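Labels run A, B, C and D following the written order; every chain starts at residue 1.
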Amino acid sequence: MTYDYVTRTIARTLGTPSRGYFLLLAGAVTLLAIGIITLLFLLRYGLGLAGYSHPVYWAVFITCFVFWVGIAHSGTLISAILFLFRSGWRTAVYRTAEAMTVFAVMTAGLFPLIHIGRQWYFYWLIPYPNERGLWPNFKSPLIWDEFAIGTYFTVSTVFLIMGLIPDIAAVRDLATGWRKKLYAITSIGWTGSNEQWRHYSRGYLYLAALATPLVLSVHSVVSWDFAMALVPGWHATLFAPYFVAGAIYSGVAMVITLLVPIRYIFRLEELITIKHFENLGKLCLLTGLIVSYSYVTENFIAWFSGDEHERAAFWYRAFGPFWWASWTMNICNGLLPWLLWFKKVRTNITALFVISIFVNIGMWFERYVIIVVSLAGEPYTNWTNAVYNPTWADWGIMAGSFGWFFMWFLLFVKNFPAVSISEVKEVLPPPRRGRVAASR
Amino acid sequence: MTDAINRRRFLKVLGVTGAGAATLSACGIGPEPTERLIPYLVQPEDQVPGIATYYATTCRECAAGCGVRVRVREGRAVKLEGNPDSPINRGRLCARGQAALQGLYNPDRIPHPMIRNARGVLEDIDWDGAIQRLTAKVRESQGKGIVFLTGAEQSTFGDLIDEWLKQIGGRRVSYEPFGFEALRAGNRMTFGTTAVPTYDFANAKYILSFGADFLDTWLSPVEFQNGFTRAHAFDAGRPASMAKFVYVGPRLSVTGMNADEWIGARPGTEGMLALALAQVIVTQHLARVPADASRLSSLLAGYAPRAVATAIGIEESVIVRLAKEFASSGGGLAVAGGMATQGPNGAEIVAAVNILNYAVGAVGTFVKFGAELAIGSTNTFGDIATLIADMAAGKVGLLFVHGTNPAYTAPGAFPQALGKVAYKVSFASFMDETTAACDLILPDHHALEQWGDSRPRAGVTALQQPVVQPVFDTRHAGDVILKLSGKAGTFQDYLQAKWKTKHAANFDQYWMESLAKGGIYAEAPARAVRLAPTAARINPAAPAVSTAQEQDVVVFPHPILHDGRGANQPWLQELPDPVSKISWHSWVEVHPDTAARWGLATGDFLLLKSAFGAQKFPAWITPSVRPDVLAVPTGQGHTAYGRYAKDRSANAFELLGAQANGYGGRNFTVRATATKTGEHRKLATAEGSPRELGMGTTEVLALSRAKALHPGDHPFHYEETPEYAKEAVAWWAERQHEKASHGNYKGEHPRWGLAIDLAKCTGCSACVTACYAENNLATVGEELMQRRREMAWLRLERYWRTDAHGTVQGAVIEPMLCQQCGSAPCEPVCPVFAAYHTPDGLNGQVYNRCVGTRYCSNNCPYKVRFFNWYNYAERGGEFEAFPEPLSMLLNPDVTVREKGVMEKCTFCVQRIRGAQHQARIENRAVKDGDIVTACQQTCPSDAIVFGDLNDRNSRVYELAGNPRGYHVLAGLNTKPAITYLARVVDQETPRNG
Amino acid sequence: MSPTLRLPGSVRELFSPPPKPGVLGVFGHLDTTIAAIKQLREAGHTDFTVYSPIPRHELEDALAQPVSPVRMFTLIGGIAGCAIGAWLSLWMSEDWPIQVGGKPIGSIPPYVVIMFEMTILFGALTTILGILLNAAFAARRAGKIMYDPRFTNDRFGIFVPAEAGKAPKVESILRSAGAEEVRRG
Amino acid sequence: MVLILALPPVVANGQQAPVASSRYKAPVISDTGALKGPRQPIFFRHDIHAGQDQIPCMYCHYSAAISTEPGLPSLQTCFGCHQLISGSTPSHQAEIKKVRDAWRDRKPPEWIRVYALPGFARFPHMRHIKALGTQSCTTCHGDVQHTPQIEQVSTLRMGWCIQCHIKNNVSRDCSVCHY
């Protein structure tokens, strides 16, 4: 495989889209439209349209929020952490993962704004100097959230763009017409001169070094939205690692879900090989096991603590009216990944794809269980245990979020190299005169 | 109605000042000030804008005649409070009284007189026209039988009617659906008088109720509840003791819930039980039995416990024990009424209970004849039956209806008979079932708009004065009658003239004083009664045992909607029934065993078919009713009356017959078949888990243990920190406090707190409605109630209380409201400081800062924060809570919340600030007792006390240190400002659920 | 950045520096490129530019470049971010003291989160800034020089600035090192 | 407003400061269109009543010192004087006639509101007058005594309230104004 081959194969993915692509895009936009219409209704009539019921004051919206933030995690993990670990196999997949990250955060970021009662005052959460002289409450986990998500979005975005620059330059030098102009601007004069590479590779290293703790922090902060509260089932020190693992788990699953079709549609079999998928599978297995372990720990501690409220909460979770949600979660996240112990499964694209879908579902339900069920069965006052059912408004917004995410993702893969050109080249043996000194 | 009309009427109602207008338009918390300011033409000398004026008048929601003080702001009545001068309610008020305002400003009131035209359709008519027509009608129907049907009307207005009827030759019939025929008949049998005595619960030492629901619907609930808690509460003014309360009846009512012991005797056998007790007492000489009681020995002989135990359905030993307890208490009081006395043998049961009272010498001490209750003077159901017969026979040519709605309470028979009446005139304020069938409608003023008086009991005359301008184009029925009878002057003049006859000497001063006091309150001389010879001949025989397919169905008065008159007041509809916690709908109570036998779940519909009618009710599975009894409340199922009442659930009166029984009463206990219809309904209930499950929210003490407590004991104290850590923790807490005491928090501040005595709280729910009234709480309607979206800042959690065997003996009611925690979980999680801690220790909730993340509610272990899912104040909105003119009773001192904001109990912060303003103006400090929260003010049993916990001399400080005191979920270290005092039960091993 | 650096008159000027005459050699192989670099250095050339589609350590070694100063940007940015985070949370709490949950007005533990996030944010942003500035100034120093689109694909290149006089000598060096193609501009 | 706070206590007690406005003569307004503020149904001139004639604010706005609401004088109050006083110039007479007509027709004028707070903010007038004195109306309402037609001189925005609260070192607690 030569450099030239790599460049051209990847550049080919930017060719004129097929009808299938446009159909997908149309689908995504339709979902988005549904979401927007639902949102307009919520704004006009109030959140009552959603299924909320005392005391379940957080529900599907926050579930989706956590779900998308979770998805956002594998991207930076693969691009930054594995970069620091110098693991070569990441090069072929990290671009997709990173794009996914950015768009997932974009999606997640919307939910806190949608779910608040007076959406038009969302900016009150931002510390801006105002005539009233009021500031937000930095003790509130929600403000931490705002900072964490904001930072994460900014950093992962610049990280993605940085990685893109040399590749954009590469496609610029191949492209023609308006695309050339676009790439000429977006590649901000990249030539690949030694000076550029020198600062670039250094900076990239530091970005990776900064992004790594960030990844771990963001979902910890999100988890503290719950861990900082005293709701039994939320109030656990375990939450930060538990959520981070869960996030990466769902993220990796989502990467697989996205890579499989991309690889198939763009004929990237030679760049994205079975090996890559197997490694993703392993990652999935690892994080999956951590998550399952967390489930066990949660329940054990609830029993071991001897606190009747904790016990009641987890009993309600497993055998209360929401048992189906809990068991969906346990099966999808706890049992399915065990299949990945087998190499046969890990190396079978179809199997991986199916599992990844189920993991995504399972992880959505995990958040549903943690948020909705914990609130519904909060045992402090037995008097208030709720009956909660989502309504069309909940589903509408959720559909919209998927539309929003996939719209951006589809637009991205058609306009920018979905696989890193320069980094793939890096792991190839460089061209040398004669076959001498291939030893390297 | 167009806005213009609204505005004009609105201006008519208030000579508006800016404030008045501003608050009305201030729907939502956005800045929406009035654009126009309309000054008074002439400033009423007793009204200052921004300052509330209180007028004393009388509550006419039921016949008890409680005195009220109406809080008037800028010409609008915004709140009712009990009149402390009134000996009846002693400044307290019940939920129904609180809701009188919603009758006054009800959007469904008949705005102007109406007449049925040739096409049989009601059309508008002006007053003069209407009165002309009526005068003519009266003239032509003289001799054809004129009947004036009123409610319990023991008043000058009643006298006026009688006078006029004498003049035109007609008769008056007064009708109370839940009359007290049994009581009067029973009294006649035993004491030869039909008078209804007053009962002195306050001084009783042992209270035994045979179905008498004196806390919710029987005679004078507020008065009795006040008295009852004085007797029954633990260490209420007396050395640690409490009067035991035993309830005998087929189901637990609000009254039953408060019993220390529940005897679920078979319905109809209460009399036998009473006589059995008397028998034991007399034969074993347990009390100083009056000499003439010997006459009864032959009667009692037949009621030895062994003989009747099986028939009654309880063990003989229990009967003997009860008799011993009752007699040895040295102050036993037995009352009979309600469900027990609404069967065919009701009168005998009353007589039997009278005998029991007589045996222990309660008659004359606790049962006071002389101070008779006016309610006893209404006509019997027998008279109603005859009236119906006369009407059906066409013997009534002209019928006036005022203050009663027989077409609803006597369905079937009455409406049919009504059709036969030539001309029907109604004075009703609402288009209720009866009025809808009338030919001429002359809407009367609401009680709060009119002059009047009432004599609820001998010695007491309560005055009524108009406190607001009439909201609609209505007229005082008295004025109308005066015009008809060709007399000059208004009813006010008539009233004063009548009063003058009683007290001529410097009348004006007397009049003004009476107005200020709300009436004249004198003690009627006691009247001794002796046992009548008939007493020995009574026979309270029990009816046959109900068979499998035929059930005993008990129709009982709804404690909130009563006989249905409250059904169009959204506050009352939304207020969960104190026992079932079901709102906006009716239900049938089914015992779990029965339900299991029939495969019934809560919400499944049962079709009850009696000899007289059939109705469907959703089942409520509850252990608080006998397995062989079904119980149905009245109140719902209106076919007219108004938007809130119409076509809602089923009318239980349909199941009842219109025939009077032996003693001229009505049978409210009927035999009926019950069949599952297969339909199901999600009931709008506020009930969560009916059992407290030992999660430590409520505490119950056996009387013996409570007595053993000494000052300084803390049986419920939750030890948060181990000994070795105490010092460090204290030091740390101190440092934390310093770090937290900047700016506004520097220096000394009060810490507002509340003490709630569960031993006093009866669960009557008056506080809840008072809270709705004071704090502009929105009513959300049935659909949203089903989704648990009620806005009640204060809810009453009812947990069944069982004995050692797990059988329900009553309930513990826990008022749950914002605990105003010292270190509140809700505060730190709010991103915008909308929930924060005020210097005076409240959990402030700044509506206009709230963005609605709802995190505070998630983090509140008490779950007492409520979210505005919709804009309940939106004009014409789907969930509008204050349709014109209901919005006029909005409290101007409280923000009307917008959609998307969180709200919760504020400890009536507007009252706190008001008191502080006043104190500042008067250059003094706020005194203990200056601030009274709405719930505390109305509580008939004085269970709630508000004050400053930092003030060593305040009442609340003292109560907070009470050994029975505990904090809910103290283990969470939230440091609540509310101290609950444990419920005390006169029982061996009580368990709270 | 060298102290002798002259800041450009305008941004425009920064991005379009004056053209520089010189020789461009295009190489197909890494080792030949490295050889050429070595020879050029021996010949005393220092300010030539090497193009490559990917970063290679061999090239860096051959060029013996100093470590990029970007790290200073990252460090300063991080510290500044942390400070800003601390100021934000603490000052804003004290500006209008509001008590919540009985916690101190300004309590460090919860604010650590803010500080941390701000550290990362500013660190990342300044790093980007560092890369851009350094690259920009480098480009400015090098001036407007010859470039070939293949460099981003599979070719290596060396541009040696040289007046017409010196050019032939440079060309010969490049050729001898194995350049596929040598151009003069 | 600094001036107001600096006034001698005698003024704070309600008497007019002789120097302040005894020489003041309300101007003759020829072009009312030029005046700022909303045009009221009756061209009521505070500068004549409060300035020239030195009627204390509390005479009409009688409840400001005891109530949260300043109170709007009832038409009776106006008529009380204008029964006798019918104005010197034709323009004045015209306006005063409106008052008398209104009284005759029992139809109070609908004044256009100038100062309005949102429904969620409470401003207890008596507390502020108690603290700042009876002359302190001008603190928020401007130099009414010399204003022919009332206009809103202060923003009534929260920041504006807060500044004054900080300056006078009184509570900034939210629940003082918002409940």
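Basically, contacts are C-beta pairs under 8 Å (C-beta built on N, C-alpha and C of every residue); 3 or more make two chains touch, one makes a residue touch a chain.
As the structure is a prediction and not an experimental result, all values here were calculated from the model.
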item: Chain of greatest Cα-centre distance to chain B; value: C
item: Between chain D and chain B, distance of the C-alpha-averaged centres to the nearest whole Å; value: 48
item: Between chain A and chain B, centroid-to-centroid distance (C-alpha), Å; value: 57
item: Geometric centre distance via CA averages, chain C-chain B, whole Å; value: 82
item: Centre-to-centre distance between chain C and chain A (centres being mean Cα positions), rounded to whole Å; value: 31
item: Junction residues of chain A, two or more chains touched; value: 133-134, 136-137, 139, 143
item: Two or more partner chains touched - positions in chain D; value: 172, 174
item: Chain B, residues touching no fewer than two other chains; value: 743-744, 825, 828, 830, 833, 836, 849
item: Graph class of chain-chain contacts, one of line, ring, star, complete, other; value: other
item: Sites on chain B touched by chain C in the complex; value: 736-737, 739-740, 742-745, 822-825, 827-828, 830, 833, 835-837, 975
item: Chain B - residues contacting chain A, complex; value: 687-689, 691-695, 697, 784, 787-790, 795, 797, 799, 816, 825, 828-833, 849-855, 857-859, 861-863, 866-871, 878-879, 898-902, 969, 972
item: In the complex, chain B residues that touch chain D; value: 17-19, 22-23, 25-43, 48-51, 743-744, 833, 836, 838-839, 842, 844, 846-849, 893-896, 906, 909-910, 913, 917, 920-921
item: Footprint of chain D on chain A - complex, ascending; value: 130-133
item: Chain D residues within the chain A interface of the complex; value: 157-159, 162
